[in-house]
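The same chain A turns up in both complexes below, where it pairs with chain B and then with chain C.
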Partner chain A sequence: MDPMVAALSNFRRKKYDKCVEICTQLLVKQPLDQAAWYLKMRAMTKRVHVDDIDGEDAMTEDLFDENAVAAAPRPGTSMKTTKTLPMRPVGSAGRPISGIARPASSLQRPGSSLDPRMKTARPITSQSARAIRLGTAAILSQSDGPFIQVSRLNLAKYARDPCLAKPLFEYIFYATGDARAALELAVQATQANEFKDWWWKVQLAKCYVALNLIRDAEQQLRSALKQQYHVETFLRLIRVYLRLDQPLSAAEVCKSALEIFPLDVAIFTELGRLGEALGDIPSSVKHYRNVLIQDATNAEAIACIGVYHFYNYQPELALRYYRRVLAMGAHSAELYNNLGLCCLYSQQLDLVLVCFQRALDLATDPLIKADIWYNLSHAAISSGDIELALNCLNLCLICDSNHASAYNNLAVLQHKLGRPLLAKSYMMTAIKLEPDMPEPHINLEFLKSKI
Partner chain B sequence: MSRSDLNISRWLDAHSDRGAGLQVLLNGAVLADVAGDGDHRLVVADVKLQPDTRSRLKVYRGTLLTSDQTLPDIPSAVITFYPDNLEPKVPAVGITCGLDLLMYKNNKPYFKFSVPSLPISALEDEVWTKFKHKNEHDLTQLVDSLKTVPYNTLTSRSQKLLLLKPEDAADFVDKFKDKELKRYSPITCATTLQRNSSEWNSVSCPVLATEIGQIYILDPQNLSILHQASVSVSKATPSVIRAIGLFDVEYRILIATREGLVCLLRRGWLEGRNVLQATTYIVDMVIMPADNFIILATMDKTLSCYSKKGSKLWSQELKQQITCLTLVPLKHLSMTLIGVGMKGGSIHLYRTRHFVDYVSIPDTPSSLLFGKMGQEDHVLVTITTSGILDIKILKRTADFNLTQQSTASNPILQNKPLPLPKRSKLFLEQSARERQNPIEMHQHFQQDLIRLRLNAARALVQSQGDQTGVGNDKELIKLSAQVLGLGPKFTLILNLENMNGDKALIDLTMIFHCKSSIYQLSHYVLRIPLVPPGLIYKAEIKVEDVSSDDFQGQNPVQSVKVFCTRGDDTHPILAATINMPPTDLNII
Partner chain C sequence: MDKIIRPVFTLELNYKIVPGLTTIGKYDGTHPCLTAATTADKILIHSPHRKSAIVTGRVVWSESNREIATLNINQSITALAAGPLIPQDDKDILIVGTPTHILAYHVHDNRDIFYKECPDGVRALTVGLFHDSKSPMVLSGGNSTVHGYDAVGNELFWLAIGDAVTSLILHDYNKDQTNELIVSSEDYNIRVYKGDRLLAEQTETEVVTGLAALPDNRFAYSVSNGTVGVYEQDIRLWRVKSKNFAISLFSYDLLGQGHSQLITGWSNGKVDCRSIKTGEVLFKDTLGHGCAGIVEGDYRSIGKADLICTSSEGEVRGYTTTKSLSTTPSSGLEQDTVRDLLAQKQALLLELKHYENNSKVNEEFDRREDNLESNGVIPANTRLQIAISANDNPKTKNHVEIFILTNNNTVIKAVIVFAEGIFKGETHVVHPQQSKLSTELSVQLYPPKDNPVDIHIKALVGYSGSNQFHVFEITRQLPRFSMYALCETKGAQCDSFVELRISERLQRMCMWINQNFLLAHDIEFETGPELKICLKCLRDDSYLSLLFDISGRVVIKTENISLAADLVQSLANFNNLESLETKVNLPKEEEKIRIYMEKLTQIQEARMRLGTDVADRLGQIRGLIVRAEDSRVNCLSEMPKYYNELKALNSELTNGYNIRLANFNEGQETMKNINFILQKATRLRAGAKSSKMIGYCRTAIKNNNIDGLIKIIRTGEL
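Right, the complex of A and B next:
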């Protein structure tokens, strides 16, 4: 078989490593074979490609944020000051925890207290361009040095080539993660297309976002939307507004996008998340229900509605949603944890501990394990076994020594057992770990008034 | 409170006299139209306890002191009432001093009522007759016989005799043996009860309460006793007395006693009934006019409200000790507020349990009054413990509309039920399942619970084996760590807490383990000095990342291990692993 055909076939079957190998051999024979060069580039891009709409937010966002936002925004216009929902547990970052771990929120500590959590079924590739840029560029190094020396390329020449420019851009942006070079290429290509190609404008915006030039990105995306309506462009614009902490503008964009793409699942999902972030749970649930009408297997929507029912004192309905997730084939510690909690609160007692046991068996992350032990302590308390509850809380703290809620509950139990000094010390620890949590403050005050 | 901080005050500062030098007991001042000219004045019984001074009755017209008379004894209460319906209507001022109720009209004394003497026990009477006739050789024997009589039924003369040293007793007996033996009980508090009309200026009767718990309702015209009753079956010393209703129709007299009881006396009763028992001493009491609720201020900084039957409706813990209460009736707004004077000089106004406003004054109030003064209808008069007289006027525009600030400050008790959703069909199905096979479910759960206990115990033993974890329950110590810095230089702050309440930690050593190829520490062994009970020992360790770049790439997370050992024991009592963050030079 002709090696080129074999390479193409491998590419289509998503065997990118094999494809790259064949292309490398072809290029050794004929270094200027544009087809092989193109294919290798595509294969290498595809190998590391990631759905970067839902990509990780920059870790340095808060530290080096140059886009100053008003420090005291009006209520309801910012997500940073949104009042946390009553009843829902709050993560250590102060953000209410939803029913689903979204890619963008993975930086925060997952979960606290009564926290039924679900990891998303959305596929996330393990490495994103950003991560590569930060530390592990060594992974990409080929046996014979880098494939393309970006700094040596004549970008102006490639920018004018409509066939090569786009794959080259994607290669630079995704595979090498060099947003600056990618930006240069995109700028020249846009000029070469006389500012008429919306695709390049979206790419420009991508680069700006990567370089933290959010306002420029907004401009490019708006201009791209004037030329062509595209769901991706809308989603990116929503992201940009979220980065700027302007949830109301983001909601506006969602609404105008829905006029053009009615019933689009991705936009409904965005609206659902926005509602949740703003603390408007009823509207969030409404949008998630719209998602489910279109796509009955959307795990995020099912999980979020499940959480809503759980905290709305209807654990039996939440149980139904989580069972649906289970039926869809998900099999994770978080899911079993949630099922256990729902069973506990809807009094299906024979299933409670089975579910928690499964969750414990499946959990590998110590933080998740800590949460499961914490929830088990609730099961123990409701069955009246203080000794067991203490053991569970201690195990929770062994897994995660920063679990403030566990310290607080431990203090309450110790106080109940007549050890006020120990209780006081535990409460102080809880306050030190999470100064915003109200319970230990109130308990400590109570304790002080007693002594 | 923050909301009212921002608001403009509802009160005008009319007058504040720092040199007034008034010493007033609770209920020792009153606002009344004493001259009958419609100009209401402040009548104060100024208590002077120093031996060479006399207590005085002072009348203020506006801010001016218009009358000042000495009183024969230390006053305990001031009341004002209209004795008759004759025009012009001039109220009388009644002052209780010791055993007497002194009545003043137009600032002149014109009547006096003395509490009738109480029966004397036969034995006591006999003893004093013997004193009169016999010589002193059997004095000690007679004094001893007095001791058989219950102390509180003795006259004050005999009581004093029993307290004297034996050598002084003869002199004392000589001095008093010729005088008539009488037993009195001083008046502790007084109030007024309207006689037959609820008009504000109708005839009302003075009501007196004495130390041993007798209540006298007097005729206002000739000061004869209309009705006499005792407060309670048990021993009760009245401290605050309040009356509502009409004497001729139906009335209730509520008496708060020093024992913490509140007793109720109704028309025709000869003996009061205990309505409620407060947990601590009662400071002051007021009765809400509309619904007859009892508002009590107690020593434990609590303001509580009881229904007229004595069941507790609400209680509110305040920041400061309460010193006095007053009713703040606002007829034009058809509401009655409770004014609460507190230690430190703040007066809070409550509408039922909701805080509505506050006024601050320079000092702790000893007496609060609200009513008409001069031509002004709503005046708050405060007399403080250091003698300051403070007069504030409520602005006519003031409204205590609660709509916008209503319950936000007090979400403690919920009367409304929680907004629970309806029971779903699914719930019914599940509960049906529960009903069908309860035994299996229970057995299953119990089995699982036993299994969980085993698993938890196993996990604990395992963690105990490798001594991971933050604390040691047996030793009652706790270790927490904090890593500061971005690298390559870190600071590790360790807090070793002694959670034991009565034992100090001694002879401990902290040992640090790490890969020497990666980290270099400032200390590897730390001797820990004595840690007293309940305190924290803080240690700071400098950690430097000395690994080369490529090595670091493969091991993004490295750890430092900490062990605590006691003495020469090789087994650590506490061990912890501290995960160090990766040094990220790219960030810097």
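Right, the complex of A and C next:
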């Protein structure tokens, strides 16, 4: 078979490594074979390509980020102020314990074992960890130096070539992770297209976002939208406003997007997330329900509605939603944990321990494990087994020594068992770990008045 | 008589405020919030009503003061304005101007209304109804242009001003119930526009820094040399000069007179209240530091607006209307009056004594001639003769000469010339040495601009030995084009010309010439097909020739576009022309604009590249700081390495910044030059033609159409 055809076939079958290999051999024979060069570029891009619309982190915690205009915005107009919902416990990761893990929220977890006070010194920086990882991954895969020396390319020449410019851009942006070079190419390509190609404008915006030039990205996206309505452009614009900490602007973009793409699932999802972030749960649930009408298998929507019912004192309804997720084939520690909690509160006690058992079996992350043990302690308390509860809480603290709620609960239990001094010291630890948590303060006051 | 008006409230913001950058807005639709730019490039919003509101959630208000919230802008703030921009929404929108961008921000909802790049910079902002737009508009004055934007950020309006805009107000100037735009710029001018059309133009002696609308179609202005004045249409009611300069002008009825007074905040912290009609000071107070701004708002929630003065150190004082209290005892008033009258009497007596002395001397004139000098008395028939001419002497620097001569043996001790905008300051004194005193004196003037100037001359006349001198006061007017002299040589023929058509008799043209030029003798038109005058500009020795055809064709030959524009405007005014079309051929200016436009394109390209450079380095810095701080915990020995890297990166960044700054300044300069030429080119036409041309220029600039722009300059059409 002609090696070119073989390479193409491999590419189509998503066997990118094989494709790259064939192309490399072709290029050794004929270094100027544009078709092979093009295919290799595409294959290498595809190999590491991720859907970066969802992957971009909202970056609300960036220490140096002063893109947000208001330093102290009014409640309900910013992502910063409404982090904690009054009724929902929040894990140290900053997401509701039994909520759904989103691509973005996973990055917000402190990766290192630094204690919580050090969190401020360890912000997430603009060039996301993923981008850096992608870059190194691409370089590692090449034994004899990088495939394309971007700095040696005559970008102006390639920018004028409509066939090569786009794949080359994607290669630079995704495979090498060099947003600056990608930006240069995009700038020249937009000029070559006389500012008439919306695709390039979106790419420009992508580069600007990677370089943390948020305002420039906004301009490019808006100008792209004037030429062509596209869901991706809308989604990126929403992200831009989230980076600027202007959720209401983002909501406005959602609304205008819905006028053009009515019933679009992605935009409804964005609205749902926005509502959740702003603490407007009813509207969030409304949007998630809209998502489910269009796409009955959207796990995020199901799970979020489930959380809503759970905290709305309707654990039976929540149980139905979680069982739906389970029926769809999801199989994770969080899900079993949530199922266990729902069972507990809807009095289906025979399933509680089984669910938690499964959850513990599946949990690998110590933080998740700690949360599960913490939840198990509730199951023990509700069955009146204080000793078991104490054990659960201790196990929780073994997994995560910074779990303030666990310390607080331990203190309460110790107080019940008649050990006020021990209770007091646990209380103090809890306050030290999370000074903003109201419970240990109240408990401590109570304890002091007793003694 | 000083009335006692005490502040009704005072408070400290504990932030340093940039003078001039304060405004007030009702961001939630009801409560006014004082808004100011701090010296740390943040915007401070002070909301006194916030005190009573229940603090919810974890809103982080300023720790020291719960009433203050700050906004990050990340660029230096150059202008601030607030006003209702969105139709059918009573909430005010905050408009922030920076050297490169304009941001309209909805404070209440924490969202952008629009954010636009303004390559021309933003120097002044105002919000209101203007032109033919039904909804409010943001007007932003830049380094050489004024842009108008609607509520979504579409550009509705464009105007070339020719120099940096310092202040903008929307005001009903000519009592037609619609707003006109009043623009002050760094070329000392105040211009009034109705839409694209220039209604009036006033020239001041220095850079006009501020404007304020007053009731009854008047407006106040302040000049960087410390002058404050009030105009009613094109008549200046009064002006005063101070050694400090005015930061903020405002109209408010502080004294409860039923009509407003002009409140002025000065750079030394003085706040005074003057009568609008006369400029008389009615009340003054002093803030601890320089005044930063004066605004008006219902700050105590009592239903009546207070006057709020802010100082640059963050001190805020509120005043309210205080009815004139007759607390001053009547006896004090009487005493004052008596004292005034006594002083007047003293002065009159002194004057009378002089007169008596003088007449006595005149009677004894024949007998005691030698005694004249010692008495300081001059003959009654002494007269001064004054000649003003454009001096075209190749030996000395060219100037306008005022020649003063007495008609007898008295000498001129000194001459004081008062005029605006000719000298630094407003007076010029010529006093020869004692030994060189003579009966004649010449004063040299160098008017920098082509403007009609009133000169008030005070000549001190007496004898060289006398102690007292007689003062002669004379007022003369310098015509608009005084720095031009007739020259016989035809001069090198230049191919730059402006051609227009005015159907008027040539006699009338002669009248115009005689009125507007300072020529040795009046030009008369006898017969012939045309009238041709060759002139030499005394400033730069360039030639100007005017040719008036009997058929009405007028050709102005000069290379100087602003001179040509001034001549055209003057002609149009003289003949009351509604609209005037011209053919223009100025190859030098065309060449210039071509060069500038090309340069601008290059600069913009370079700017983009430099911008990404900085962003890239910033990204690296973020990474390094995190790593350095990590190593502080994990591995101390690594820390210096990261911080050294940071240091190197930082100095690189500083260098990059300097390059960017140079690039930016060059860009601004180029932009300014282009707009200068365009503004002059629009002035080469008059009336409707001129405003039509502005529209064409805007389209051509937007599309970067150099050839189109040159065609517009030539013909006024695209």
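Odds and ends about this structure:
As a convention for this text, the second predicted complex is superposed on the first by the 402 of 451 C-alpha atoms of A that agree within 3 Å, B and C clash if a C-alpha of one lies under 4 Å from a C-alpha of the other, contacts with A are read in each partner's own complex, and residues count from 1 in each chain.
Assume a contact is a pair of C-beta atoms (placed from the backbone, for glycine too) under 8 Å apart; a residue touches a chain by one contact, two chains touch by 3 or more.
This one's a predicted model, so the numbers in the text were calculated from it and none came from an experiment.
In the superposition on chain A, no contact is made by A:Leu339 with either chain B or chain C. Touch criterion met: A:Val354 reaches chain B, while chain C stays clear of it. After overlaying the two complexes on the shared chain, residue contacts for A:Ala165 are found with neither chain B nor chain C.
When the two structures are aligned on the shared chain, A:Arg180 is found in touch with chain C, with no touch to chain B.
Of the two partner chains, neither chain B nor chain C is touched by A:Ala189. By the touch criterion defined above, A:Arg215 reaches chain C but does not reach chain B.
Contacts of A:Asn391 after superposition: chain B is touched, whereas chain C is not reached. In the superposed model, A:Leu376 lies in contact with chain B only, and not with chain C.
Chain C meets chain A in the complex at residues 42, 56-62, 69-74, 101, 103, 105-112, 115, 117, 608-609, 611-613, 615-616, 618-619, 622-623, 625-626, 629-630, 632-633.
Chain A contributes residues 62, 64, 66-75, 77-78, 81-84, 112, 114, 118, 121-123, 125-127, 179-180, 183-184, 187, 208, 211-213, 215-216, 218-219, 241, 244-249, 252, 436 to its touches with chain C in the complex. The residues of chain B lying in touch with chain A in their complex are 418, 420-421, 424, 426-427, 430-431, 433-434, 440-442, 444-445, 448-449, 451-453, 455-457, 459-460, 463, 468-471, 473, 476, 478, 480, 497, 499, 501, 534, 550, 553, 556, 576, 584, 586-587. Interface residues of chain A, counted against chain B in their complex, comprise 60, 134-136, 138, 312-314, 316-317, 320, 346-350, 352-354, 356-357, 360, 376, 379-380, 383, 385, 388, 391-392, 394-395, 397-398, 401, 421-422, 425, 429, 432.
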